Every structure is written in C-alpha cells, then in structure tokens.
Amino acid sequence: MNIEQLDFYTQAILSMAALVGLTSFLMLGQGRLLRLIFVFAMQGFLLTLTTVLAAYSLNNPHLYISAVLTLALKVIFIPWMLRRQVVQMNMHRDIEALKNNTAVMLGGAGLMVFSYYVLHPIVQSSSVVMLNALAVSLSVMLLGMLLMISHRQAIAHVVGFMSIENGLFFAAIVSTNGMPLVVELGVAFDVLVAAVLFGIFFFHIRTSIDSLDVDLLNKLHEVDK
Amino acid sequence: MTLFLAYSAVLLSFFSGLLGLMMHQRQHLLAFNQYWLNKFPTVSQRCQSAMADCLEEKRFPILLRRAVFVVLGLSGVFAVLAGLSVLIGQGVITDQISLGLPWLPWHVRFDCLSGFFFLIIGIAVSAVSLYGPGYVNSYKESEHPFAVLGLFTGLFVAGMLLVLLADDAFFFMIAWELMSVASYFLVAFQHENPANRRAAFLYLLMAEVGALAIILGFGVLAGFSDGFTFDALRNAQLSTTWAGIAFALALLGFGMKAGIVPVHVWLPEAHPVAPSHISALMSGVMLKVALYGLIRFCFDLLGDVHWQWGVVLLVLGTVSALGGILYAMMQPNLKSLLAYSSVENIGIIFMVLGLSMIFMANGHPQLAALGLLAALLHAFNHALFKNLLFLGAGIIHHQTHQLNIDMMGGLIKKMPKTSVLFLIGCMSISSLPLFNGFVSEWLAFQTALQVDVLNNGVLRSLIPVSAAALALTAALAAACFVKVFGMIFLGQSRSHYCDKAHEIQDKGMLAGPSLLAGLCFLFGIFPGLIIGLINNVAGQLLGETLPNDAALGWLWLAPVSANQASYAPPLVLIGALLAAGVSFWFLRRNPATVMRRAETWDCGFGGLTPKMQYSCSAFTMPFRRIFNKVWIIDERIEKDMRGAMDQDVAAIRYHLEVHDHSWPHVYQPIENGVNTLAKVVGRIQTGNIRTYLGYSFATLILMLWVIS
Amino acid sequence: MNWLIAVLQSMLFVVLAPLLAGWLKCCKCYLQNRKAPSVIQPYRDLLKLSHKQPVVAEQASWIFLISPYIIFSATVLAATVVPFIAVNLPTSASADVIVMVGFFAFARFFLALAGLDIGTAFGGMGSSREMTISSLAEPAMLMAVFTLTMTASTTNLSLAIAHVLNEGLVLRPSFVFALAALTLVAIAETGRIPVDNPATHLELTMIHEAMILEYSGRHLALIEWASQLKLMLYGVLIANIFLPWGIAETFSGQALGYGLLAIMGKLAVLAIFLAIAETLVAKMRLFRVQEYLSFAYLLGLLGMLSHIILEAAR
Amino acid sequence: MIAAYLVLLIPLIGIIFFALAGHRDDTGKLNVRFNGICLLATIWLAINVLNQGTIISSGKAFLIDPFNVYLIVLTAFVGFTTSIFSAPYMAHEKEIGKLTDGRLKLYHSMFQGFMLAMYLVLTTNNMGIMWVAMEGATLATVLLVSLYRTPESIEAAWKYFILCGVGIAQALFGTILLYYAAVQIGDGENALLWSVLYQNAGKLNPEILEIGFVFMLIGYGTKIGLVPLHNWLPDAHSEGPTPMSAVLSGLLLNDALYAVVRNKMLVDGATHSSMAGFLMMGFGMLSFLVAAVLLHRQKDIKRLFSYSSIEHMGLMTFAFGIGGPLATFAALLHMTVHSLTKSAIFVTVGHAAQLAGTQKMERIRGLIRTQPKIGWGLLIGTISIAGFPPFGVFTSEFLVLLATMHSYPWLTLPLLLGIGIAFAGLFRHIQPMVYGDKPKDQKPISANLWPVMIHLALVLWLGLAIPGFLAHWFSQATLLISGSTPL
C-alpha cells in the first residue's frame, strides 16, 4: 500500500498523526516549561484540526462538539492556566536539567516501534491506516508517560497527563470516528474537572513545600532512610 | 437420644459462655426484673425476694460465676453421658444442621471415636467446672472481667465438642478454628503481662498456619472426590504421592496443635500464662482434639495407610517424647514444665500411633488395633493426670502466687490434701505401676514388642530402638517428676511466699482434682473398664478388635494372648498391700521402738538453711552434663570481689538459662527472614511518584510484550 | 497349690537375700586379705536395726515415713515376678518383666523423694544422682530384656525362661550381648563398684547411701533389706535367663529341691565373680558413668540387632 | 426501573444540597439520612431484580443484573453505616480544630459525589460511562484525601490523583479498543453497551480485545491497588479522613474490580482462552504476597489496614482469575465480607486514632482497658479479616483455597505462605494496641460503634450460614460470570 493510493482524507489524517507524534517528541525533550506548554497547546490544536477534518469528511456532526471542547479545553484553558502558574511561580526562566536526555529520546523512538509491534495483530481485521493511527496514539500515550517519568516539575506532569488524554482522543476520533456522544461529553467533563483540580493542587503543593518539584513529595514511603 | 445428649453438651457449654456475658448486665437484669414484676404482680412473694436477692450487688457476681460453671459442668456431664452411650451402643449417628454453605449444610456424625473423645472432654470439663469458681474468685473484675473468661471458656469447650461432631471439612474447620480462637483469647486473658501477649500471638499464629495446612489437606482429598463431606472424602481415590502430601499436610496441621517437636514452641509459652483451669483444658484436652483430628484424617478419611507414614510418626514421636521430657526437666516454671511434659506424652502417643500404622500397612490389623488402643488409652490417661497436675499447679499458684519451683519447698505440711493429689498425678505421669499411666505405657511396649511379625528389616530394628527410647523417656519422666514433687512439697520452704501458704479452703478446688486423682487410680487398677470401651472404637474404625483382652478373666489384662504378656493390677495391689502391711505390722509391734523426732543432722556446721538444699538446677545438673547438646545452656558465675587487690570473694551469683533449640534454629530465622523480606520488598515503595509512574509504564510495556 | 508355692518361693527369696549379701562380703574380704564377718552378719544387722528406736529428722514428712515400706514392698513384688526355683508359677502371670521394671521404678521414686524430704544437701545429691543413673540404666536393661522376650516372644519371665530351657542349648550371639548388657546394668542398679560404692560414706561419691543418710532403726533395716533383695533379684535374673538349667518345671518336692540348690550354686558363683570384679576395678567418676551405661545400652542394642539380623532374619 | 433512577438521583440531590446549604451542626445527620434513603431505594431495586431478573432501562442506558445489584446494595449499606460513623467522627475533628466548616461542606458534598459515582459505575450499561464514572470517583475523593491540608495529605492526594489519572487513562485506551472492536460488528451508538457487547462477545475480534484487556487491567488495576500499581493506595488511605478510608477500601476497590470482571467476561467470550484469567491470577497473587509482606513494616495504623486491603483485593482478583463457579462464588463472597469487615475496622481505627490523638501505632496502647468497645471491635475485626471462623472471611478464603487446590494445586503454597505472613503482620501490630495497661493520658471518647457491630454481626452471619436469598443471589451472579453455579 502506498500513500498515493489513499484518498485525501486519509493522507491528511496520516500527516496529522505524524505531526501529533512529533509534538510528543518535542515535549519529551523540552526543559523549558513555557515552551513545553506551548508545544502542548500545539498538539491540542492539531487534535482540533483532526477532529474538524474527521467531522467534515465523515459528515459526523457531533464531532464538531468534540472539536469545540478540545479547542476550549486543551488549546486555551489548560495552557492558559499552566502558563499563569509558571509565571506566578517565577519559573519561566528555569531550565529543567533532564537526565539522560538522549537515552530518553531514543527510548521514545523505541516506544514508537514497540507500539507498531504491539498493535500489529490488529492489522488483519482492519486497514493499515487504522493501525497507523492507533499506533501513533498509543505511542503518544506512552511518550506522555515517559514525559512524566523523566520530568520533575508538577507542571510537566500535568502536561504529560493531558498529552496522554490527547493520544486517547486521537485514537478515538481517527480509529472509531469518535465515541458515543455521552461518553465524549463525560470524558470532556472529567478533563475539565481534572484541570480545575490541578490548579487547586498547584496552590496546595506550593503552600506546603514551596516548590512544584514532585521529587520533594516523598514523605510517604516504606524505605529505611 | 445419644445425639440429643451430645447436642445438649454443646449447647450447654455455649450457653455457659453467654451466661458469662451477663456479668456486666446487672443493671439491665434489674430493670428487666422490675418490668417483669410489674407485668405479673401475681408472682409469689418468695420468688420476688429470691430474684432480688440474686441480683443484689455483692452476691450477683458470685452467683453468676457459680452458675456459669454449673452450666459448664452440666455440659461436661452430658458429654460424658453422650460419649458413654455411643461407645456402649456402638452406633453411628448422622445428622445435618442447616447452617454453613448453601450447598453444604453442616454434617454431623457421632461415632465411637468421637464418643471416646467426648468422654475425655466431658471428664475434664466436669473437673474443671468444679474447680473453676474458687479459682476465678481471685481475679479483679475491673482488670480481668469474668465476662471475657466465661464467654471464651464456653466457646472453647463448644468448639472442641463441635470438632468431634463435624462430618464435613467446612464444619470441621469452623469448629476447629473456633476452638483455636477462643483459646487464644483465654491465653491473652491477663494481657497486661508481655509474656501473655507474646504467647498469645505465637499461639494464634501457629494455630492459623496449622489450620491452613489442615484445610489444604482436606483440599487434596476434595480434589479427588466430589464434595467436602467426609463421606465423599472417604471415597477419594488418591495416588500414593497425593496421599503422602495429604498426610504430610495433616500431620503438620494437627501436629502443630498437638505440639510435636519441632512445632511445639507455643505450648510452653501459652500454657504457663493462661489461667490454670484453662491450661488444664488446653493441655489435657485440646491436644487430644488434635490427636482426634489426625486419627480421623489418617485412619478414617485416608483409609489406606502407608507404612512410611508410620515411620514418620514413630520418629517424630520419639523425638518429641525425648525432647519434651528433657526440656521439661530444665524448666524452673512449673506450668511450662507441665507443658513440655505434654509434648513428651503427645510424642509417646504419636509413637504408638505410628506403630499402629506400620502394623496396619503390613497387614496385621489386630496389632494395629492394639497400637491404636494403646494410643487412645494414653491419650485418655494423659488427659486425666495432666489435668490433675495443672489444676494442682493452679492451687499452688493460687496459694503461693509463685510458679517458680525454685522458690517453693515444704508445702507438704502446709497443704497436705493438695500434696496427696499432686503426688498421685506425679506417680501417674511417671508411669508407676498401679496408676493409669503405667497401663498405657505397658501397652505401648507390648505393641512395640510385636515387631517380630514384620518382614521389613529396617522396621524390625527401628522399632526396638524406639521402644528403648520410650523406656528412657519414662525413666526421665520419673526423674523429672521426682524433682517436681520434691522441690515443691518436700524439704524446707525456699521463699516467704511458701512460708505463708496454707491449704486451700474452697471445697470445689479440691473436688475437681480429687475426681481426677480418683479416676487415675481407678483406671490404674481396673484398666479393663476403659479398654473395653476403646476396643469398640478400634472395632468401628479398623474393623478389628483385640483378640483376647479378657482371656484370663476380668482381673487380667492380656492384650495379645495370655502367653505373651499379662498384667493384673488388682493382684499387684493386693500383693503390695500384703507386703507393706506385714512388714509394717511386724516392725511396729514392739512399743519400745516408738519413733523419736530429732534435729536434722547438719554435719556439725550448725543450722540447716533452706539454701543448703538441692535446687532445681542442682538436681538436674547431671542430666545437663550428660545431654548437654540438647539445650542451649547459658551458665554464668559472677563473683563480687573485695578486699586488698580484689582477692576476696564477697558474693557469688549463679546464673543459668536453658533454652530450646527450635527457637533460634527454626523460628528466629523465619522471623528474621520475613523482616528482611519486608525490608527488601519495601524498597519498591520509594515515595517518589516518578518511580511509581515508572512501574506503571514498565508493567504496561511488559504486559503488552507478554501477550503479543 | 500353685499359689502356695508361689508365695513360698517369694518368701524364700526375701529370706535368702541377706545371705547373698553376706556371702558377697565374705568373698570380698577374702580377696582383699581381710578377716571376713560371718555369712549371716547381714541377718544380725537387720535384726538389731529393727529393735532400735528410729530417730526421724524434724523436717521429715509422711513421705519419709512411708517410703521404707513402699520401697520394701515394691521390691518384694518384683521378687515375686522372677522365677526363683520354679517356672510356670501364677504370680509371674500377674506381672511381666516390664511391670517388674515398673516396680523398681516405683521403689526408686519413693527412695528419691525420701532423699529430698529432709531438705539436706546430701539427700538431694543422692536423689539427683540416683535418678540420673537409673534413667540411663533403664533403657539399657529393657534392651537386654527385649532380646530375650523377642526370642521367646513373650514378656512373661516365667514363660520366657521356660522357652529358653525347652530349646536346649542354642548358641545365640544375641544372648552374649544381652548378658553383658544386663550385667553392666545390674552393677549400676544395685550400686556396686565401679558405679557406686556401698561401703563408703565419702560425701562426694555417695549415691545410694546419700539418700538414706537420715534413716535409722527399722526404716533403715527395711531399706537395707530391699537393696539386698534387689541385688539378689538381678543375680537371679542373670542366672536364670541365661543359664536356666536346674530350675524346677514341675512342682514336685524333688524338683523344687534341685531348683533351690541349682540357683544357690549359680548365685554363689556369680557373687564370686562380682567380688573379683569389685576388687579389681576402681570406682569411676560420676560423669563417666554415662559412658559406662551407654556402653551397656550399645551392647543391648547389638544384642537386639544380632537377634533380628542373625537369628530371625527373613 | 424507578428505583434505579432514585438511587442515582438521591446522591445527586445530596451533592447539590450540601454544596449549597453549607455546613450546619446537623449536616452529619442529614448525610446519614440521604444514605439511608438511598439504601432503601437500593433494597427496593434489589427486590425488583430478584423478582424479575435482569432489568434494562428503556434507553438501554442502565442495566441491573444480579451481579451489580448485589454490589449496589453493598455499596449503599456500607455508605450508610459509614455515614453513621462519620457524623460523630467529623464533629470531633471539628471540635479539636482540625477542620473548618467550609471543608466539612466540601466533605459532605463530595461524600455524596463519591456515592453517585459508585452507583453510576455499577448501574450503567455503557462501558464508556463506566469509565467516566470511575474517573469521577477519583475526582470526587481526591480533594477529600487532602482534606486536612497537611503536607503528607497533599502529597498523598497528588500521588492518588496522578497515578490513578494515568492509570485510568490506560483504561480509556482499553475502552477505545473495545469500542473499535465493537463498531466493526455493530452500530456506533450502541456499540459500547454492555448488553450488546455481551451478546456478541463471540464475534468480537480476539486480538484487539486481548490488547484492550491489558490496558483495562492495568488501568482499573491501578484503582484496585494491584501491585506494582498500588503505590497510591496506602498513602491515600492513611492521610484522608477515616470515613473516606472506609469507603475507599470498602467500595471503590470493589467497583474497580467489578469493572475488570465485566471486561474479563467479554474477553473470555471473545478469545476462548484463559489469558485474562492468567493475567488476573498473576497480578492477584503478586499483590497478595507483596502486601502481606509489607504489613510487617507499618507504623501507621491506617496504612496497615490499607495494605491489608491490597492483600484482600489481590486475593479476590486471583479468585476471579481462576474462574469456575467455586472460585467465583468465593470471590463474590469475599468481596462482600471484605467490604463489611474492612469498613468496620476503619471505623474502629478512626476512633482509636482519635482516642490516642495519633495514627502512630506505637502510641496506641491498651485500648481494651481504656475503652473496651473500641478495643474489642478492633480485635474482633482483625480476627475476622485475618480469616478466622466463624466469620465470613474464613468461608471465602476456605473456598478460594479449595478452588486453587482443585485447579492449580501448587499455587496453594504461596497462598498459604501469604495468608500466614499477612496474619502475622497484622497481629504483631494489633496485639500491642489492644492489650496491655491503659496509657495514663488517654481518655475514652464519644464513639458510635453500632456500624461496627452491625457489620461484624453480618459477617458472622455470613460465616455461619448464607441466607437463602443471598445464596440465590450469589449463585445467579456466579452463573452470570462463570457460566455455571456451585449449587
């Protein structure tokens, strides 16, 4: 199968998938919080575009609602909130020193391959496009987790968390043309509440440890120190 | 009818526990009484005043305690009756109680084996309930509430009785654990002492592990059959390996409760700290229930015994018997000494049971019946005399507030009645002729001597060696109990506690042990009474009875045949009385030789003091030297020096501690192992959220990799 | 009739016991170049003691007072079990060899208690040592006896001896070992050299004497008599089990007479051997006794194994 | 069906009511009433289901079958009794100044929110909504964990939030895969409905479902507290207010397991292999053993019991993994008795901690002498959770052991080891707390121990005899899950 044989819609989707994956990689290696947030917003925007594309080409009007929700939440509200935190905490000049950055990036690349490997059995029952889209979204998810593991800032964790959601969302839209509307609304509601709660938590953590470094949250453990 | 008696016994013991709970409900009872009177004013005046009398603040606790023990005693009596009636009737009664799992109601079965153990429990419980009221009076209600003691005693007895009635694995385990848990609370009763807490913990832990082993044992059987009822389990067709595994599990489980070496450590910890009448029940009866379990499991459920199992039991039994008595000898604490001695006796029982299995597997069911009979008889006897000794120890503790044998002495003059009872106990447990302990030991020897019928050379040489070990055990037991009686009752008193001691006033506290002592003697002289009953058990369980138990008439005991061995305790008694009487009469007839009391000879040093007497550790010193590898001995002599150049000795202190090997070699490593393991495993919980995310990530990757 | 003979035999046993002790003493004196007392000196001692007023320590309780009677009667009972001049007597059926060992245990139990009763250091020491030695001796003895009982497949002494008798002369390696074991045990149990010295009152070596230090008068007489009985009993056991010839199998006067003569002759010879041994051997330290007794146990075990492997192998 | 709507409606009203009304002195009691009414509604619902069998609402949005209706009643019951306990407990916390009115308002509102989420997880017919509700439960409780605003509680809440969030996201991916498999054979709107999926389970693509199940298991498994995904659980349980710990341990974990079991049923139907079962067994066993070992290292009383929860959830997961009627029955029974016992224990633990003024176990001593009811409650509760008869936990553990013996005999060995180690770990800490002389500076407090008594009495009842209707119920649920019944 070659890409020129596919229709325009599929080509576009695949391009989007590549771009979304790229943004994930960009986030993974990003030490500056503000840029991280910006890339995250970009990813959200790509997602919105994908949704609109899907809604338009598949003539699936309820996906427009999803697109609006994504735009509002992931492109505007959450980046705005995170940015405000960063500025308030005066962290926008900090660069987080990432350990083993190269190894992490290579690991990320490996994860992408792994995603294809894992999802490979699916190819028998569906098209290659689906496989690609699912694999990309799975790797976005895994990269999000890797982001959380490798970054120490709570804000980076939130970004990672949300980018996992992005990956899921991408999968839902591309592979299944969107979940049933109730579910979509529910998920969006949860994301909203989660975002609000994150805001509350930043405040609490700041007041309690005067920092947003999650490595300092280590009082509860079972190790003899 | 029989079943009714058995149920009554269970219900009464349960009820006695509930009655105990009333202790703190006096206010409610008063209110209820008031309400009742108001509602039925016609009740006669006398009745009313009697009720009011009973509920009076001071009398109420005493009356209630008595009532609880009366009900408990009734339960004991009913248990004895139930046991006797099933043993004589030789029936098998089954029933179902609609409790338990929806597809598995509680199955009940009452046969001769259960009946025999009912008898043991009944006698012990009756004696204890005579003894109890006097004993518990010394507890302060605020610190040691009677409600707890009464409730759990009742549950404990009910649990034991239910174990005997159970006819399916589930019901059996419930009853079994009820027994364990109830006795756990009794061990922990005086929980302000760290020793009690430690003992209770150890006890419950081992009970739990043992119970799990038993469950798995049942599980193995259930795996090869279609249900959990004993009937189904009996029909399980097991391969040799699986049968062996089932046996090993059952042995572990029941052995833990029975206290065979090396899983005996809870006994000497738990028995000393429980109230004495409870230790009497635990040591005298609960261990027997474990034995019941093993017999039921091996002889009844597994059915097909293998001779290798017999060898295992024989070896374990021998080790327990020797180990138990050697450890007992070194104990300064009376009750832990008695506990170790229980280990010894259980060891003897296991030995004989092993012999029985060996004979069974080699196709000599009659000799197997002999072995089973010896084992059951010893179990019965041990229940009697160990109960007696624990109750005696309770009296001593009650009067002197001491359990350390080294602090006693000379009590024979202060407590003459107790001393006679205790002496009978000591003589029975040392298996001296004329007392019941001897009969069972004699039967054990007889069983061992039948080894000639076997073809296997290993067995033929192994069994006599274990018989000799049994002889050594008996001799050591005699030495041990000479020490016990001598140090406690004879000589001069070694502490002021014993100076002040006096005979117990409460009649019940003497009546309980007297009952047991009387039975010890009775069955020592007329063992045929009980052996006849046990024969029925063997008949029902193995389908084979003793061939010739009364060939020479009822006076004689000739288990195999009159040509092989016989013993006539009544004749021996008559002979002994004759010999003693004649010599007594002959020597006392001259009035000029009336005995004269004089000062004890003191080698001219002037004045014997109690400290000059042999102490416990001095008495056992030769044994310590001879068997010194058996214990971990920590012996130190400290000298206080003074004078010029510190050359004069001012004082010498002797310090001796003797420990059990199993503790540092079996239990400590396990405990350390678990702690180390916990420490190592604890490292996964680092407290850092990124590590946790890493786990989640790694698990996901791993799982995806595994399935694809 | 049988019962009468049994009772008479037992009485004879009891009456003759001091004689053996006297004879042994005589032999020893001859061997040690001393002037010997009369053979019946033990009778005189017993008689004299029984006429003396017993003096009892203040500390003593009733245990101390009844112990001599119990010890004596238990030993007498043990004596009734052992065929002395005749086999097949009914008393043997009322108690077998295990019960006999039980009687010894009974006697020892009270002896040890009596030793502890007065509350002196000596009493305690004696009891402790006595119980130690006897606990080690008992298994060895049973090992030896079991060899016999397994050969005869009965624990009834009378029947066992009759079995050996009827078999005629069979050379059994197991009996050699058993004989050796039983002899060693007998020496230990009766308190002879090298385990104990009945003639000494040296504090540190006493065993038996330490326990009965406080006894006097008739009490002492009974205990002495009992220990003489015990000596004789072991002698009879050894003599009649391993060399049963001469013992009466029927109850005719002639047979019984021969039986008496035979056993007296055997005992006299045994006593000479014992005297020689006691003269030649020195007393052991207390803590070497265990080695001595474990050797006895080993012999007993070897006897048993040789019975199983060599004689009854299947 | 009205009953089902009622069950959902009442807590919804509760959220709004408590959020608007603000905290008053009788809010605690009102909370009890809300939960009480809800309990009645669930009982009504249960009776309906018992009489009519499975009910599906007209829009197919809700499905009540014997499996979930029993969990609904259990949820309502535990919620009710916990709210009884919560009233005096929270009042005491306010008295000693640990909490303010505002936070109590949040607490009560979120309590209802949590209950709503739980009911929604159980009643919904839509696997997607199930996911949404599960996430909702996290969101509702996360602020309650940090209710005291101590550094530790904030740390615990943050971990809870992030770990469960990430975990649940994986479950969403699983759900998407499930949907993806479902749309291939059916229409889009109804594809995620359980009733549809279950009917067509055989036609679903097995490969996709297998991968999906891994995500589901890891996602919902984080909520169950399966090792090594459990790390949030002890922290969240120990730092939140005790009534919260009681419901988290007694309900949330159960519901997560419910979700996994529902998915397992689908996967089993699609793949006809025991892959899902093996995975569950592995995770279950691992959690069981690790938690049992870690019990030995605890210093905080609530942390101790949260590890015990992990241990028991592990056992249940293991039992569901074995499959077969006996193990499934055992697991269902264990779910019930564990919820009842564990929430009872948390109630006593809460009181004990209030009594001593700390959760540190080394400071809690001599409870039986200080306040016998609390001491005995804790002791008997522990005896019960440790699996001693005649309490119900024993019955279920007995059945699990026997089922294991039947199918995988060698696995009984680690199981046995784990039970022994766990027991020792619990008791070595509990004994010193309940026994001994009373500490001088500790006084009895006002405590409401009725919930404890009722729970333990029920567990005792279940241990002695399982009443007919309940047995019927269990066996129907067993039939549903494993395809046959042990009866």
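Residue numbering begins at 1 within each chain, and the chains themselves are lettered A, B, C and D in the order written.
The criterion applied here is as follows: a residue touches a chain if its C-beta (ideal position, glycine included) is under 8 Å from a C-beta of that chain, and two chains touch if they have at least 3 such contacts.
Bear in mind the structure is a predicted one, so any value in this text is a computation, not a measurement.
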For this structure, I'd like the pair of chains sharing the most C-beta contacts. B-C
If you average the CA atoms of chain A and of chain D, how many Å lie between those two points? 31
At what distance in angstrom does the C-alpha mean of chain C lie from that of chain A? 99
Quick one: chain C and chain D, Cα centre-to-centre, how many Å? 78
Rounded to the nearest whole Å, what is the centre-to-centre distance of chain B and chain C, using the mean of the C-alpha atoms as each centre? 37
Multi-chain contact residues (two or more partners), chain C: none
Show the residues in chain A shared as contacts by 2 or more other chains, in ascending order. 118, 121, 145, 148, 157, 214, 217-220, 222
Can you list the residues of chain D that touch 2 or more other chains? 158-159, 162, 166, 170, 211, 234, 294, 297
Hey, which chains are touching each other here? A-B, A-D, B-C, B-D
In the complex, go through chain A and note every residue touching chain B. 114, 117-118, 120-121, 142, 145-146, 148-150, 152, 157, 214-215, 217-224
Show me the residue ranges of chain D that touch chain A in the complex, using the header's touch definition. 126, 128-129, 131-133, 135-136, 139, 142-143, 146, 149-152, 154-159, 161-162, 165-166, 169-170, 172-173, 176-177, 179-180, 183-184, 188-189, 191-192, 205, 207-208, 211, 234-235, 238-239, 294, 297
Would you tell me which residues of chain A are touching chain D in their complex? 118-119, 121-122, 124-126, 130, 134, 137-138, 141, 145, 148, 154, 157, 161, 164-165, 167-168, 171-172, 175-177, 179-180, 182-183, 186-187, 189-190, 193-194, 197-198, 200-201, 204-205, 208-209, 214, 217-220, 222
So, in the complex, the side of chain B touching chain A is made of residues 679, 682-690, 693-694, 696-697, 700-701, 704-705, 708
Note which residues of chain D are touching chain B in the complex, please. 158-159, 162-163, 166-167, 170, 210-211, 214-215, 217-218, 222, 227-229, 231-232, 234, 275, 279, 290, 293-297, 368-369, 383, 386-390, 394-395, 398-399, 401-402, 404-406, 409, 412, 416, 419-421, 423-425, 427-428, 431-432, 435-437, 463-466, 468, 471, 474-475, 486-487
